[in-house]
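Each of the next two complexes has chain A plus one other chain: chain B in the first, chain C in the second.
== the complex of A and B ==
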């Protein structure tokens, strides 16, 4: 009973829903503000993301007549639950490293796929041709980046195997958080590709072909309105924390909140990843879906294969910087 | 004031409907998003579909072809929503008053399907971006 209450507290209050959503709304504001600064604009006020969600919750929710209603309503909830569990898992692994098993990187990989799958389900259920195009593009996007992301994670795991600091299984998130592969050649390559994968997972330009407001009018989210759209927004908000946090955990030595200076350093890492994401978002045009696939498979794939060889050589000869 | 209206005023998302405009008003609508006017300061955002919108920016006289589409776009917008008739044509037909293809001004078409539609008028040919921003702020203040 006590365990159950504890788990609920983790998922719903801290570090789950309330905490992550609060941070995520602020991060969402940072995204819009930095975008505005890049455009030489002033940008929205601090609480704008909060106003948006609040307004959507208060609006009428329209459900298309031809839609598969159960899936249409359940998809946003499923997506948000997946995002929420992912965020809680990552925070707990960073805050409480003494707990033996809290899910490994494979669990995180599966949880990271849930929001995309929910988007595909929800948009396919909405009976709109634009949403169908968006869904098919999202499927192709998932197929494109998953390969690159898994290859990048293999490099991190190889690095963890070769590191003497790692005590538990090298698949545990807590052991991956103990190493910083970004300070090596192969780890850096893996990090650069992983950040592009996260860009695609968040649906940011240049990988926003599935949403493409100017082209297919919102694509996957076109038929959603009111409270259901608000739930999608909350999911994006949580993911905006979870994905950069995943990169920080896996590549940059984890989010350590033990002391004040460590906490500041960790927030610095998170903001660094976030600003990188925003700058890539604002300096690139949208790619067609076939270009995305080519990019991830033909360019990122071989680069990561090379990086895997480098990492294994580094392990074999004890060269940490390779 | 209820929290619904309060938050609506803080973040009105707009959808742009062209019902037969000469493109002049459209250019001025897009002008509002430029760094010079930057309507995102007020939380105003241009969205791609009426389902996400809180306000419809209608430009141009309503032509025979566009009338049913305008009505559908209005019905697909979740309520509460505000309709802005942007420019002289949308307000009262302007120089196209006697055109063979013209059905009527925006308010007449929308009042036929929803007598309680909230409609704001921003006259001008084309209205300046300042006029549009002031119109949006005034209309939101009035609900």
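== the complex of A and C ==
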């Protein structure tokens, strides 16, 4: 009973829903504010992200007549649940390092795919031609970046295998949080590709073809309104915390909140990833979906293959920087 | 459930998601490939030509400047040139220079506006915001010269309403220098960006043959290697006395159209500098008395292409017939040649690449609401127009 209550507390209050959403709204404001500054605009006030969600929750929710209603309503809920479990899992792995097993990197990969799949299901169920195009683009997007992301994680795992500090299985998130692969050539390459994968997962330019507001008028989200749209936005808010946190955990030595200085360093790591995401977002036009596919398969793929060879050579000869 | 066997159609409109004007493009798609396009325009008929025939000659420029907010120097100038042709008026040279400068400033702000919108279309918000920020000083200059940021109402039959005052000129030159630097930077940024190349090169190609077949005008034609430009082919205002180049590109794709527009902006800055230097002193108005009976044409190279005005006078104080043709009216149908076979994402930027101004394309058709049949078809319009011509001929 106590365990159940504890779990519920983790998922719903801290470090789950309430905590992550609060941080996410703040991060969302940072994204909008920095973007505005890059654009020579003023940008929204601090609470704007919260106002947006609150206002949407109070609006009428329209469900298209031709839509598959159950899927249409269930998809945002499923997507948000996936994002929430992912965020909780990552936070717990960083905060409670004394617990040996709290899910591994493969679980995290599965959970990271759920929001995209939910988006595909929800938009396919909405019976709109724009949403259909958006869904087909989202499918192509998932196919494009998943391989690159898995390859990047393989490099991290290889680095963890070769590191004497790792005591548990190298697949555990807590083990990966103990190493910092970015301080090596192969790890850096993997990190750069992984940040592009996260860019695509967040649906940011140049990988926002599925949403493409100015082309297909919002694509995957076109038929969503009111509370359901608010749930999608909450999911995006949680992901804005979860994905960079995943990168920090896996590539940059984890999010350590043990002391004040460690906490500041950890927040610094998170902000660094966020700023990189924002910069990429604001210095690129939207890529066409076939170009995205080519980019991840033909350019990122070989680079990561090369990095894997480097990492294995590094392990074999004991050269940590390779 | 009823299963329709129609091919899926992507609707763009009836209000454009981005350009916020009334149009309706139906893209028939197969997967992501556009297999057909149906263009519907004229949702917002304002009857400009009809209103114009109820106004006096010197009131019409203010009306035609409202055909399109952006071309609000080109339309009145074309109309005024048509009336000046009827009455055989030659405006003072200084007025012609002022007209040249205002029209080139208009071209600059229109092209920058398009560059920003094009960035917005392909999700490049930074270009959108920066381009529109660069455009602001140009609008401020226009306000300083004419009193309005748009709808300048500066051109009059026989000259100009407002002169360019000498104390504005140093500021004008300074702003042009700043603008030239910024546009140089923007042009280089666009020409060197590999992702922009990937998105724009080879997209929405309008071949030279198609450009001639669809009789497109302005930068749309010049980007397809058709070197037409009214400013050079039939010089008006003072373009004949100035040294400038017609920018052409051979490729006909969206990238070529971008290059043409950006380079034309730099060319326009060159024209304005020369005009400011060569501008003689003197009045900007001549005395205009009656407009005699007769007919006249005026055409002007607006930012989007040739805008053409035809005016007929019966010796009274109102035009008895006024006909305006704006460039978008010929540019929009070329989508049939440039969009089919493209992907949806490419088709959207191709639709934007001719810089369509939907308010310029409004025409009227009368339909039977029961059968959707065209009541006022081509034959009937031809008959009506011949009857009207006969009536007018008897009247003159």
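Just so we're on the same page, the second predicted complex is superposed on the first by the 322 of 322 C-alpha atoms of A that agree within 3 Å, B and C clash if a C-alpha of one lies under 4 Å from a C-alpha of the other, contacts with A are read in each partner's own complex, and residues count from 1 in each chain.
Note that in this section a residue touches a chain if its C-beta (ideal position, glycine included) is under 8 Å from a C-beta of that chain, and two chains touch if they have at least 3 such contacts.
Values in this document were obtained by computation on a predicted structure and should not be read as measured data.
In the superposed pair of complexes, A:217 makes contact with chain B and with chain C alike. Of the two partner chains, chain B is the only one that A:229 touches; chain C does not reach it.
In the superposition on chain A, contact of A:54 is made with chain B only, not with chain C. Of the two partner chains, chain C is the only one touched by A:38; chain B is not. In the superposition on chain A, A:81 makes contact with neither chain B nor chain C.
When the two complexes are overlaid on their common chain A, residue A:288 makes contact with chain C while staying clear of chain B.
Across the two superposed structures, the residue set of chain A contacted by chain B and also by chain C is 39-41, 213-214, 217. Against chain A, the residues of chain B that register as touching in their complex are 2-4, 7-8, 10-11, 13, 35, 38, 40-41, 43, 47-49, 51-52, 54, 76, 78-80.
Only residues 8-11, 17-18, 29, 31-32, 119-130, 133, 193, 195-196, 198-199, 343-346, 348 of chain C touch chain A when the two sit together in their complex.
Taken together, the chain A residues at the contact with chain B in this complex read 32, 36, 39-45, 47-48, 51-52, 54-55, 58-62, 213-214, 217-218, 221-226, 229.
The part of chain A that touches chain C in the complex is made up of residues 35, 38-41, 129-130, 132-133, 136, 205-206, 208-209, 212-217, 282-291.
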